[in-house]
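Attaching a single structure in structure tokens format; questions to follow.
In this document, chain identifiers A, B, C and D correspond to the written order of the chains, with residue numbering beginning at 1 in each.
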Amino acid sequence: MAKYILKRILWMIPIIIGVIFLVFTLMYFTPGDPARNALGMTATEEAIEAWNAEHGLDQGFWVRLFNYYKGILHFDFGTSYTNGVSIAGEILSRFPYTILVGMLTLVIAVAVGIPTGVLAATHQNTWIDNLCMAGTMFFTAMPGFWFCLVMVMFFSLRLGWTPVSGYETWRHYIIPCVAMGVGSSAGIARQTRSSMLEVIRQDYVTTARAKGQKERNITYNHCLRNGMIPILTVIGGFLAFLISGSLVSEQIFSIPGMGVYMFKGIQQKDVPVVLGCTVVIAIYFCVIMLVTDIVYTIVDPRMKTAMISISKKVRKDGKK
Amino acid sequence: MSEKAFLQIKDLSVQYTSDHQTIHAVNGTSLRLERGETLGLVGETGAGKTTIAKTILRILPDKAAKVAGGEIWFDGQELLGLKEEEMRKIRGNRISMIFQDPMTALNPTMVVGYQIQEAILLHNSCTREEAKTRAGDMLEKVGIPRERYDDYPHQFSGGMKQRVVIAMALACNPELLLADEPTTALDVTIQAQVLEMMSGLKKEFQTAMVMITHDLGIVAEVCDKVAVCYAGVIVESGTAEEIFDHPAHPYTVGLFGSLPDMTGTRNRLTPINGMMPDPTELPSGCYFAGRCPHATAACRSVRPEMKHLGGTHDCRCIVKGGEQ
Amino acid sequence: MKRQNRKKSQAAIVMKRLFRNKTAVIGMAVIIILLLIAIFAEQLMPYDYAFQDYYALFQPPGGDYLLGTDHLGRDLLSRLIYGCRISLVIGLFSVILSALIGGALGCVAGYYGGMTDNLIMRFLDVYQSVPAFVLALAMSSVFGYGVPMTILALGISGMSGYARMMRGSIMTIKGAEYIEAARAVKGNDLHIILKHIIPNAISPMIVNMSMGVGNAILMVSMLGFVGMGVPAPTPEWGAMLAAGRNYMRDSGYLVVIPGIAIVITVMAFNLFGDGLRDALDPKLKD
Amino acid sequence: MSEILRVEHLKKYFDTPAGPLHAVDDVSFTIKAGSTLGVVGESGCGKTTLGRVVLQLQDKTDGKIIFDGQDVSSVDKKGWRALRDDMQIIFQDPMSSLDPRMSVREIIEEPLKLQRKLNKEERITRVKELMDTVGIAERFENAYPHELDGGRRQRIGIARALALNPKFIVCDEPVSALDVSIQAQVLNLLMDLQDELKLSYLFITHDLSVVKYISDEIVVMYLGQIVERASSAELFASPMHPYTQALLSAIPVPDVHAKKDRIILEGEITSPVNPRPGCRLAARCKYATEVCKNPQTPEEVAPGHYVSCCRAHEIRQ
């Protein structure tokens, strides 16, 4: 197992290299003149050239790409075009906010989603099930940012219970986390329901019932654990999507996280900022996928054998 | 005969409803079984055998299946009228069940030892440690070393899994065992191992058993009494000798005719023509009339009653019943 | 067993099953209405979507302007109607683009396997390590703004899911016994791909596409909300929301109403997709 | 009688993470024209792979295949496509071997279309003829496989195999998914077809009573190798290999008065990954001694009766 994890971590290196190449190429072809953006419309031709030389923009595509890779090796993400601040430092100070909001959102999403799904599955085709499913139908079709705005309108503006935006106290986090969490719980609930329904039909559930086990224990000990793999996949996907969500929600609530930073980078064609953020996101994504896979093996012992044999097979294929 | 047997099923009918269709799975089945006896319940796919067993334990899917009528008496108690909580105390304790496919009957995310222990803990007031020891004992009884307690089902072969399922079913020393095609999914040599082990344990535990199977060979080997099931009704019943030596019902005769003879040489089989009737639209007369070589006009209109042929031999047929 | 004298086409069977599913029918009806609205937007709009009535700023719903007016005195209903066209056009075409690119990649990877498959899958690994929305943002800053550009950005950034799905279903079908049977009755590669693999792989693709339209419409609105989709004054639902956001303290309807339009549209496509999935399953009995 | 198929030293190895899996390991046999060779064995003995390799639906690792006097071992893909006119297969699971999106007619017509000998009218006539041959009523021609029961599905599979008028058919467990009464119908059909169309069968099954009923000659396989080969009557009358003996004694006989003298094999089947030379049953065989660790060669113990067990004679006494 340790070998497998190590292999997965090493595998992240080519992925990061690939991601940098992909985003670097995209940003290279983005129209716009970063020097003009940084120095303003009145800057002279000479000043612009000097600025370009300073940031290495007078060189060709491959040289710039290579230089960027070299920087990354030393954990040097470069400095922002717009304000000259070190990107690594900026990301370090912003990432915790994004993660904090993300984790709180996750907790709420799971706490709402899984019980809803279980409830719907155990009451299949009753009004409870229909109600739960109609609710999740609605939430999956709803743009997250819109739900945030509606919540703000109601709880902050109309009732005045929570602050509209900001990040100083715990009260600031209630609306963003609850809004995003409840919104995302819909996907988890739908998956929980369908995998529970799948599992409930299995023979070993009948076996447990034939043993005289209580319904409640059957649902939670036998069914839920076996139906967990696809649910975990949805949760993993949700964690990966979190970054996209944060791009929007952080703007609405003025939370100083990665999302806002990256978004501004894209708007201002601040290439090093976008690249730096993408690298961090890609690493984050790979780690999430790895963690999800490890959790799989804890939940379902069969996955362990499957994974180890897959990693062996990959090695064999590589040899051919 | 009016006295209640150890297990007695009277006129049991079970229906499944799905998408505006009603599937008549069991249509007036009656069975009796005494303590320590083994009854072979024989029939083909869709004959309603598994449904009967699941109805005895009351583990049919709640919404889809409905018991339309009948009674099930077990040791003086009527099971269909029991409260769920009382029934739960019987399941796995006094009546337990072995399922057909050992690949799917075990929970893949639980160690096998715990799955046996679970049954013991539910029905006995003992500590976890005692239950664990007893579960280990059961494993050894079915020929699996105690050390494999903490292994997961996927680490066992098919035959071993079925041994675990049997250990689980026998863990609380039940008075009645419902075995639903326990060896169908296994290879012949493994089947022989499992059957031998089962008959050994049955003797040791003095358990009554309902052996559900489509294999007449297995019935001949392990059963004292036989009931032949067709389209949800028992068409013929009696002791194994009565059925195997003097099959009376045309369906039973047809079943024997479909079996390649192991002693003779290569010659044509005499199979039953056609197929079992659609369980959503059962014919009005005898369910077998459409495939029966002896069917008369009366067979197609009148539903035959069970006729007594002497001994314990009963047969549900207008034409063939009295001929013996 | 029912009598089967007449040949039933697959499409007829699917339609019959679809019409039995109530929620799917509702979804389908809503989609048809939305399509009609999109096609006849010009005829249906009570006012020009860009017409600014300075004497009627922030008119609440009711009165002359049925759903009220925005901060520039533009009729909200007319803007919603025209926005419907924008959303549907981008949603439908970007999904078609994604499915074409992704489907082709997945087909090649799944059928040929080996090195080709490895190469494509590793590329997808990289591709998926960047969240689709980030990719869409970056792409729309490369391609520029406007409807065709947004279609391109969303289409390319959303293709990886289709590629994986297509590859998966092709690999499953490739291993099925009926493929071996086709080979045993003299089938060559081309015959097997055309007659067996594609007909069996296409239906999960169609289901995913109909769900994908809903998702794409959500993406469009997100892009619009952050100001990177279709430029003003073209009324795009997400952009309308973003504009309304500044006035939500007093004119909440500017936020609520476009949101409801998005929810209804996305939900219709999801319901339809759900029903389609059941209807396209060949193993389900009539 | 002439030979329709001769297989010599056929091998099929699969690469697995644990090493090469010897699914079929040095298998040789012949089938006479118009007769049936039964291949019997338990799951994992390589019998299904054998059927696929004989038809080159899976590439062989090594060995010779001679069909109708012609060495086809090195024939290429295109050549094999032509050979399929004469060599066909019936699959075990009639559900998964029929494309769920094709109607009965389309399925039976497919080989005819690919053969390109008949025009549309002729094809339709031929499909009707075939449906009649295998006993499917004409009204089912537009039905889809999932609408039919198992027996009818298997009849479609048989009709498809017959469409090209083959001389030789591999039957891969064609009745094991069916109920007893339906099984008997299909077995009778297969035997009638053999008599009518002068077919030769390679009949693969795990069911000993079926194999005895249908075969002229039988080979018993264990972990990729043939352990015993004899005529059907001879094999059942005097099985020589310990495995065959155990296998035969394990069958439950539907006769309440039958005497049971059962040989129970200990342990379970392993898988032939990286097998050691020597008898593969040795670990489970109560007769096993040191000599069993040497490679076993088939020995003719009676005319046409071959056994791969060095202790067969001793065991008999």
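In this section, a contact is a pair of C-beta atoms (placed from the backbone, for glycine too) under 8 Å apart; a residue touches a chain by one contact, two chains touch by 3 or more.
What you are looking at is a predicted structure, and each value in this text was computed from that prediction instead of being measured.
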Inquiry  = Following contacts chain by chain, what is the lowest number of steps it takes to reach subunit B starting at subunit A?
reply    = 1
Path length in steps (a step moves to a chain that is touched) from subunit B to subunit C = 2
Inquiry  = Contact counts by the stated rule: is the higher one at B-D or C-D?
reply    = B-D
Ask   = How many angstrom between the C-alpha centroids of subunit D and subunit B?
value = 32
Inquiry  = Can you work out the whole-Å distance between the CA centroids of subunit C and subunit D?
reply    = 50
Ask   = Using the average of all C-alpha atoms in each chain as its centre, how far is it in Å between subunit A and subunit D?
value = 53
Ask   = Taking each chain's centre as its mean C-alpha position, how far apart are subunit A and subunit C in Å?
value = 22
Residues within subunit D bordering two or more other chains = none
Remark   = So subunit C residues touching two or more other chains come to 1
Inquiry  = For the complex, give me every residue of subunit C touching subunit A.
reply    = 118, 122-123, 125-134, 137-139, 141-142, 144, 214, 218, 221-222, 225-226, 228, 238, 241, 245, 248-249, 252, 255-256, 259, 262-264, 266-267, 270-271
Remark   = So, in the complex, the side of subunit B touching subunit D is made of residues 44-45, 157, 159-160, 187-193, 195-196, 214-221, 240-241, 244-245, 254-262, 265-266, 268-273, 275
Query = Considering the complex alone, what residue numbers of subunit B touch subunit A?
reply = 54, 57, 59, 63, 88-93, 96-97, 99, 101, 104-110, 118-119, 122-123, 152, 154, 165, 168
Remark   = Interface with subunit D, subunit C side, in the complex: residues 1, 3-8, 10, 176-178, 180-188, 191, 195-196, 199-200, 282-283, 285-286
Task = Using the touch rule from the top, collect the residues of subunit A that touch subunit C in their complex.
result = 14-16, 18-19, 22-23, 26-27, 29-31, 137-138, 140-143, 145-146, 149-150, 152-153, 157, 240-241, 243-244, 247-248, 251-252, 262-263, 266-267, 269, 274, 278, 281-282, 285-286, 317
